[in-house]
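Going by the order they are written in, the chains are A, B, C, D and E; count residues from 1 in each one.
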């Protein structure tokens, strides 16, 4: 099926988009399970193991419970859907309703440019560079930065419209944090862009044929990872939900599936940022034999995303939360200077190599 | 330069958003409508084969400028004007003149467009490939490198200015 | 042209940023919060120096990429007089010679910056010091980077200024006899240097007159051109005076030599350098040992074409050439200063005379035509002499701390005339300050010319040069003997110093309590010690038949900017003294042997002397040494004969001419009275009636107009916006009118 | 700073490979400590008579005001407890109770004791009020259920010396 | 049929007029400010449309500059509004008439 016309493109995008969104939403559900289970194990616990186990009878009348908890996400979903959806009296209605939606949409948007695999012949025989909803966009990285900057709205509006002090404090904290770390992240993302000489994520992945940028630019990778954690509001940067101070930050007045949508957005963004980290620094869908069997790309991407998620959860289990002023000064006085200097060094090195003064 | 259907839908969204922005009572709602308007214009940019500018539009306008607006509105608690304020003399006159000028502007542009040679939209438009950031960057850093540096200085001046404006002395009143 | 050359102006920009920072705001930082302020002030300056160093390294890479071809980076037209043929650009010449100097200046400079952070800790004028240091780097880089004599002269004066400022850094300090020791030392340096600078100005003027330009390349091309065409006479620019070419060349080169004797402390203008040790030790290390004082050598090496032409002309006519004078001055300075160093007790003064002596070596080498050897010795000397000075600084620091501790231990313990710089109070510091000791030892061995250290190779190259060419040039035998004796002296006084400072028993309580300096001071020492050990590799000669890949690196490197080599290849110059490219074993063995014997002798003579600080020095038994050299003959000559007469003349000028005639008569009567009369006229007549009337009238008119117009200013932003919008619409309709009305 | 972060991550990673300490609660229960203060129980004497005499001292001692006691007269035909009176109503509001144990201390007959049952859960507020029927323990093996018909004059006095009535 | 440059000119004119009327009619300084942004955007749209129509990129570069300048302007403007609010406790631009003649 060659894609020639606009309508075919639209159909392709719709189909792939639907599939990817479905996959990621399912992934979201099981990421919550992964988080709960792994966190439990890191803390000597077992985690949820009641919903949906496979009973295997053993001798002696007892039964072993296999895969305990694999229906837990479904149970959570059912719970969230059937909880009472409360709307406080003094909220700004329209904004209050819009905020969760505005939070989820950017998370889904970023999906569009992520290359999940190389060129897969069964789906697209010709003309496509890699498998994504919108492949071959020449401003892919900018698109990501743009959409990330949009996602502040959900937080700000949720905080403001709830008409609650906790909520607005949480919202302002969260958005200040996101804006601060966006700078460092944007500057760091430019490092792979410069190395690959393109903003197309597929080209960036292909640029890592020889060596992952992680090894070429460990500092950039570290800064990106830290900034991504801050952007996701994950531990140790999860100030907005600092339970001790703000109860739950901007989500405090939300309940039921509206609250669930904030949750959904957070976990989808976790998956997406892990995928981005893989694309920028871990060689994306590339791995052994991927040139012969492009479909392997899905497996490699999934593996790398899984690895990233595990590291995120591990970090959450290990590190205590930052204080707010520490967070801000870390972002502005440490991370930003490091990324600026690193950026400048990389730029100078690239020029020197191109001028032939330095040779590799 | 775009399907008429696409243009129509986008144009209607843009105009409605602009109108709602101007007429909303609540400043936060105004800001949100303006964000919608900016997003629509960004889509226009994509339609006009300028994806880089579209992304800059979203990043800077929607992502930075409007968030700044929202911050200020929320921090000042200035969603709505308090009190009636001073009613200036000749309020009606002012409004009438403003409206008249607006109508004149649109009329003039419409008349000019209708009377233009080859009006009516049949003109052939030169095809332009989708702008790549590289091309734009080359122009920016070769032809316009001096203005580019000047904008850098401008931004620096703005940063310093803002810092001085909003700096509160430890003691005493505001500036 | 490689784009990297465009970075060249940055080497001036970075230091000047440092100067501005430390000069304008550094002091506030330091006064506000001592600890953080010092960190900011010191490290900011250091980072600026390091940045300049990085840029120089990049320039170095650029030269590599450019196959060592020199590049001129034009900054702006500096002095242009249209129609007179005078056009002096402010341009930077980036060639191998200037980059070699820049590497030394910024590299050693950066290390000394780091050292200073520790050394100057706690000084009330911390930031002023770093401002001076960066200013010095700025001017020094102007000096070595300029592409003409005038820019070089700007740097020349600038470093002189910095030298003055840094020598007098503690200008309030008084000596024990109440004289303003430091301030006087600074003045002395300034005045001694002025003599050389006057010669420099004359030399530049003469250069311009003879060659019509001051740019190095033009001057040299023109000189070669005249030489080749065998013109006996040259016409000075824009005059009709004619002058013999050989005379002109002789005059120019001798004037430059005098300039060099001023800056590089050669006979008879050397007197300022030992006194300059009053400044902070790192400054002595940077300015008065490693970089500034070598600018005289740089000047001569840079002008090598003129000196070689002069030599060639004199060979032709059989007279003594200016190059020979250069070599003689250098060699005799080397020996003279070396002998004086025997009689000094101040640890820094010994090093200062040693510097004078080593500079004599370099000047002698340059005079003998061994330009590469001169530069080689300059570079190695920069490393180990900076190391020695900073080591001495570390020792002084340790002694001061020790003294402090002792003084705290015994309250009311009176000061017994203790001087932390006096070697007679030291002794046995080997164990107490191990890092300082080992690095100092490396520096001393390098200076004395002991085998694998850097000084051996560079000094040996000079001696070998003198030895190899003595058949052709009779004078070189004399030079060889003088220099060999100077080398012996070097080894002896370094042995003496090592023995007195680091071995034996402590001769004062302070020395017993001395302790090692902080890591920020010892780290630069170690760094420089490494360089002092391996710097010989830069220009290793071929040994017998062995030839290493890196042999003669410096020579191959400098070949591209010392035109003498080209002249020789092109056959324009027939007789040029040539440095042997391989090691001459006899000379090397002789110099090494002499050095070892001399050093051993020093260790033997001082094995247990002096026992106490008051003991006489063993070398006082040598007749003539202390009675002649110990009394500093040239200093005494200046003080006894020149200064009193000069003072008398100044007093006459001051009292009679300046005061009686100029002030009392001319200013008071002629100028003041005339002015008073005129002022009276303007104030009472012109101003009161004419000007005031006009101004008041204008004021009334303006007020009347303003009263009318102010009604339009409602103060409402919207009204103004409305008028702007009105204007917009009107303009739009005006432009669209042809379409609208069709 | 980074060294410490890596150290912390290492510590948690080490714990990933240790077996979990979780106890599968409804199936497995951990025994509580002997002095654990759980739900109250109203005790009986060996012969089946209730210890509580309805004196309301526990209600007076309760800082949370969780106990309500109403006393009635004993007769020999329908005897609940030794002595004159018994608690005809005894209610504890478990939502108010803070399990401080003051009632235990106040009780003159050691009738009320905080035992080890901690599984207290309710679907509504009303069911959080535990009545006497819910609190009182089962009749001991050799005893009889209350009210008992007893010989007159035997149990005329309540028993403050904490002994079973003879 | 395809959308031509005329359509964009018309759309831009409409947006510009709405923005201008907002500036003239609203009293809240913040909304006035937002209307100015709207006017800038209508001009930007026209730049890009003409860049497309004329087939050269300089229009887009200009838009880039306009956006940068707008960012600086908003930062300073909002700082001004905050400062004014601190002293006057109001952002009604009709109350800010110190320059009245």
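FYI, a residue touches a chain if its C-beta (ideal position, glycine included) is under 8 Å from a C-beta of that chain, and two chains touch if they have at least 3 such contacts.
Keep in mind it's a predicted model, so treat the numbers as computed, not measured.
Contacts with subunit B and subunit D are shared by A.
Look at the CA centroids: the one farthest from the centroid of subunit B belongs to D. Nearest to the common centre of all protein CA atoms is the CA centroid of chain A. Comparing the CA-atom centres of all chains against that of subunit E, the greatest distance is found for D. Computed from the mean C-alpha positions, the centre of subunit B lies at a distance of 5 Å from the centre of subunit E. A separation of 75 Å divides the Cα centre of subunit D from that of subunit E.
If each chain is reduced to the centroid of its CA atoms, subunit C and subunit D end up 96 Å from each other.
Note on chain placement: the centre of subunit A and the centre of subunit C lie 59 Å apart, centres being C-alpha means.
Under the contact definition stated at the top, the residues of subunit E that touch 2 or more other chains are 20, 24-25, 94. Chain contacts: subunit A has no residue touching two or more partner chains.
Every pair of chains in contact is given here: A-B, A-C, A-D, B-C, B-E, C-E.
The touching residues of subunit A, when paired with subunit B in their complex, are 92, 94-95, 98, 137-139, 142-143, 145-150, 152-153, 156-157, 160, 168, 172, 175, 179, 199.
Of all the residues in subunit A, the ones that touch subunit D in their complex are 38, 40-46, 314-315, 317-319. Across the interface of their complex, subunit A is touched by residues 26, 28-29, 32, 35, 51-52, 54-56, 58-59, 62-64, 67, 70-71, 74, 130, 132-133 of subunit B. Considering their complex, residues 88, 94, 97-98, 101, 104-105, 108-109, 111-112, 115-116 of subunit B touch subunit C. Partner subunit B is touched in their complex by these residues of subunit C: 714, 716, 718-719, 722, 725-726, 728-729, 732-733, 736, 739-740, 742.
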